[in-house]
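What follows is a pair of complexes built around chain A, which joins chain B in one and chain C in the other.
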Partner chain A sequence: MRYVLQRIAFYVFTAWAAMTINFFIPRMIPGDPVQALLARFQGQLNSDAIESLYVLFGIDKNSSLWSDYVDYWGQLFRGDLGLSFSAFPSPVSEIIGEALPWTVALVGITTVISFLLGTSLGVLAGWRRGSWVDGLLPVTTFLSSVPYFWLGLLAIFLLAGPDSFFPSSGGYEGGLVPAWDQYFIPSAIQHSLLPALTILISSVSGWILSMRNMMVTVAAEDYITVAHAKGLSERRVALSYAARNALLPNVSGFALSLGFIVGGTLLVEIVFSYPGLGFLLFRAVGAKDYPLMQGIFLIITIAVLVANLIADILYLLLDPRTRKEG
Partner chain B sequence: MTIPTSSIDQVIPGQGAMAQPEEAKPVKAKRQRFRFVTNAKAATGLVILGVYLLFAVIGPWIAPYDPGARSSQLVAPPSPDHWLGTTHLGQDVLSQLLVGTRGVMVVGLTAGVAATILSVIVGVTAGYLGGGWDDALSALSNVFLVIPALPLIIIVASTFQNAGSTIVALTIGLTSWAWGARVLRAQTLSLRRRDYVEASRASGETTCRIIFFEIMPNLTAIIASGFVGTVIFAVATEITLAFIGIGGISNWNWGEILFWAQSQQALAQGAWWWFVPAGLAIAFLGTALSLINFGIDEFVSPRLRSAGKTKIKTASGHTVRMRVGFTPVLANSAEPHTHARPMPINLNGATPVQRTEEVNP
Partner chain C sequence: MSEPVLEIRNLNVDYGLGEQAVHAVRDVNLTLHRGEVLGLAGESGSGKSTLAYGLTRLLAPPGVITGGEVVYHPEQGEAYDVLALSDRGLREFRWAETAIVFQGAMNSLNPVHKISTQLGDVLAAHEPTMSAHSRQARCREMLKLVGISPDRMDAYPHQLSGGMRQRVMIGMALILQPQVVIMDEPTTALDVVMQRQILGQLIELRERLGFSVIFITHDLSLLVEFSNRIAIMYGGRIVEEAPAASLYRDSLHPYSAGLLSSFPALRGPRRELTGIPGSPPDLKGMPSGCSFHPRCPKVFEPCAGNIPVLGRPTTPDGASRSVACWLHPVVESVG
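For the complex of A and B:
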């Protein structure tokens, strides 16, 4: 229990740090960015939006940095992330709310599948070191070096087309309205297959490699020799003795690499014009929509922190040693 | 004080002690020095990386066309005139690739150097000084590890109105040092209580000298591998930034080629020559760097090497798979082997080992 509380305290601290970074980024810009933005959005911004821009960039001459910071936190706790000005006057939280389920579904499912698949292949590669599975290693190295978005481009080029089963962009068929019915769900699944496959192919190799290396390390431990000497079946030694112990560092690695994976999947969404957070971020960057960019960053960070906490609790369940310490 | 040559074997605790029987006796001291290069993976990686570095230097000179020059051949497939075809404005794709190499390499290496310096400062300080310093610096690097780097980099880089390649490189460097710092801290922690470090502390050497002359040389492999890892990440990230339209507009970064290919419907037009070469260039660079890193890993911990020939035919026609960690027991004795009977001692083969303690895993 103490372990969980420690981890929660750390994540709260990290969330605070991320939000503070978020507070200071717009204040680093030299010059008067608001004037530059006003020039870009000539006539499209009303006085309210201009006022909130000045607050966002901290060039509100009448208030101190500290009172800005307090105001910023006050806004966050009310769930107010400001107004988007590429989709003015919708609030940022509303726009993000529409995109979030798409990303969570796509990234969540593919990441879990990729972790499970990669780990099992890694167990095989590590246990049967020197067999044909080792021949897969250079291939996986190459695949993990390919940028996610380029693999996406290639997948669209090769598999999607006007008369192909795979649609090349979007999250669902044009005429449909998002709902839980028999028209929308199959269409959404069909549209997510290609992005999911892309993420799967480029992320699975990392798990294979790290699991293989852990298996090789564990396979030389004394308790494996003992398990063999006891005459246990090969399968049982590999799975219950070696893999179970080799899995632990992989689970903590899972938590740490989540940030990278999320970054990569955002790009896949951009390539496939998938209506998730990544595509939203892409459009926000293109439109210089700072409130929206910051809101997306906050939401992604919080999501990653929550996923990390889940991985930590999973680790706790897998490793009895951490439980004893509590 | 001399630094024990064996210390590199103990980089990962518990490894290396039994792992390298074939390297225990180097033939010549001179050979030892280039052992890293003799690793096939590292050598392949270094050769490919060398080719990229060469193109980074001579690329702009050997490019057949000005990468920005337009011509009348729009979206033309590869031909003797344009080896890799042309873009929507008739620009030569090969020239763009060649000219872009320099920008990609410079940003990647700059970010790698910046991140490595930061990670060494943070990691070694935290590991060596311990106490409050360690707590604070570890918390800092954990925070940077957990915060998703790419969205942060995108936001920082797009905040600057005209982010040049220097800003992109520094942003990447400032956000990607945490992993290296964490690994270095762990290794420094295990080194600082070694006998030779204790001895130099007892003989009154300054902290600075101990860190730079006793500890750092033993961290070389880890620092190198961290550097290569960061360069991989930095190259991928800068190309990503260029692909989504942030960063230098005029240096023909490969991501920019892909950006134009994507936005000008290269996919719908079937113009594979426009985006395939740039992607392959990125992938091969990444593979080369990963191979160097595997080489370093295997150099540090020989157990990770993929075993060469592991299936051996015995004289009696059985096939045995050699594995790290255990001795094969052959079923070629006349007695049927069961678990109940004691194993007959076979003078030609493996000798059973009696274990009385540590029976339980």
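For the complex of A and C:
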């Protein structure tokens, strides 16, 4: 328990450091970003927004750096990330709040499925070397080495179209209102199938390969021979002795990939014009929407840190050697 | 002599198949009697561990058994060939009849499970009707038997020392009260003090529980002390087999003599330690005839040409021992 608290303290510190850097970076940019923006928006911003921009970028002439910093934290705790430029006057937190569920649902579920599927196939391939699963390996490796955007475009070209079941872009049928009802949910699922499939194809082989290799390594351990000699069933030796140990390195990889769910799928969402966080970031970069970018980076940072914490706790549960108490 | 419990007949084990195969164990005949400690000694690569893995069918690929049989005599009922058992039969045979204590004390336990889980899953696999409570009680009892406090039940392997781990393994080996326990260099990874302690405990347990032991080691001095009979292996074959005392006093095969003169005696006059010149044969290109002849100090004409047969020598105690050497004419071959 003490160890967990230590880890949490460490991550809180890291989060503080990341957010502080997030605060200082705009202040280190030479020139006045607000003036540059004002020039771009040609008077479309009102004076309140200009004021908040100055506060956000820390070039508020009337206040000290320290009081800016305190204000910044106050805003963060209220969940106030400022106003977006490109979707003015919507608050950044609202825009991110709309995009986040799409990404988490699509990429989150796909990542979990990919991990479970890849790991199970890897266990099978590693335990029964030379079986049909081994034949699958070159195919999946080839598919994962195909650049993702090309795979996505190919999928759209081949499978999507005016008369096809698969829509080529968007998160749901135009004209529907997002709600938990019988019209919206099936449409959302239908729109997510093709992006999910392409993510799965490009990510599953990594899990298969690493799990297979760990299984092969672990299968040569003495305790596997002992388990066979003990007369345990093949299933118990494979799962409770071999796979249980081979899984450990893969678990930390999985937790890390959970952290990248939020930010790491730019290409998927761009190719499929999916209304998630990656697509939002892409649009924010295009529109030079600094508050929105800052907000998205913040979310990504927090997601990666939380994923790391989950990895630590998972490891603690799975590997007794990492527990410190005697 | 008492009745046999395990008879190895003409066992052959190869690594690999076809032309490229390496013959690691060749035509081995060996009988383990009820309640005895049979020592198996030889240099690295002489085939002693392969023999042990072969007779329990634990050989990892590319190891294959190419011939022979291993006849097991259970306490009650008919004798059967272990090599002919079905997968299910083999699983039931393993550990319940023949348990093994492996070489790597440090790595024989699964690092992610508690000691109690690893002791308990043997019981769960072999005696499925046993209740969880009596399983726990049995595990506790086994730990006590090998001198580990039962409150270590919930410890993980990394929380135990090497000696404790090996004692847990010995306790685990005895948990189903097997007839035969194979010890494959059980104390090699431990220091000499721990070695003595564990072996002493083992001998005591054997006297109490009455199982038979096949003790594999390269340390002949240990065997002379702890075993009833000793078999010496060289190049995959058994070259001499005799009661421990007779082997120690007058060994017949020059290789046994070489092994014996490679460690110092505690008492008696000082003598030069000689060891055996040369190195163990390459199993891929075995010398013709007796495979020891290139290193043998007493080599003469027949050695290079023909393989000597393991048989009873004409010495006064010839009935109780066997040797495969052209120096010692045999009256009757073994096997």
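Please note the rule applied: the second predicted complex is superposed on the first by the 279 of 326 C-alpha atoms of A that agree within 3 Å, B and C clash if a C-alpha of one lies under 4 Å from a C-alpha of the other, contacts with A are read in each partner's own complex, and residues count from 1 in each chain.
As a working rule, contacts are C-beta pairs under 8 Å (C-beta built on N, C-alpha and C of every residue); 3 or more make two chains touch, one makes a residue touch a chain.
Only a predicted model underlies this, so the values are computations on that prediction, with no experimental measurement involved.
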| item | value |
| --- | --- |
| Which partner, chain B or chain C, touches more chain A residues | B |
| First, second, both or neither for A:A9, with chain B first and chain C second | neither |
| Touching partner for A:T225 - first (chain B), second (chain C), both, neither | both |
| Chain B versus chain C as contact partner of A:P320, first or second or both or neither | second |
| First, second, both or neither for A:T217, with chain B first and chain C second | first |
| Which of chain B and chain C A:S233 touches, first, second, both or neither | second |
| Touched partner set for A:F260, first chain B, second chain C, both or neither | first |
| Contacts of A:R244 with chain B and chain C, given as first, second, both or neither | second |
| Chain B and chain C contact sites that coincide on chain A, given as residue numbers | 220-223, 225-229, 231, 241 |
| Chain A residues within the chain B interface of the complex | 10-11, 13-14, 17-18, 21-22, 25-26, 28-29, 31, 33, 36, 129-131, 134, 137, 141-142, 144-147, 149-150, 153-154, 156-157, 168, 213, 216-217, 219-229, 231, 241, 256, 258-260, 262-264, 266-267, 270-271, 281-282, 285-286, 288, 290, 293-294, 296-297, 300-301, 304-305, 308 |
| For the chain B and chain A complex, residues of the former touching the latter | 12, 15, 18-19, 139, 142-143, 145-152, 154-156, 158-161, 179, 232, 236, 239-240, 243-246, 258, 261-262, 267, 270, 272, 275-276, 278-279, 282-287, 289-291, 294, 297, 303-304, 306-311, 321-326, 339, 355, 358-361 |
| Of chain A, residues touching chain C in the complex | 220-223, 225-233, 236, 240-241, 244-245, 248, 318-321, 326 |
| Complex contacts: residues of chain C adjacent to chain A | 56, 58, 60, 90-96, 99-100, 102-104, 107-114, 121-122, 125-126, 156, 158-159, 169, 172 |
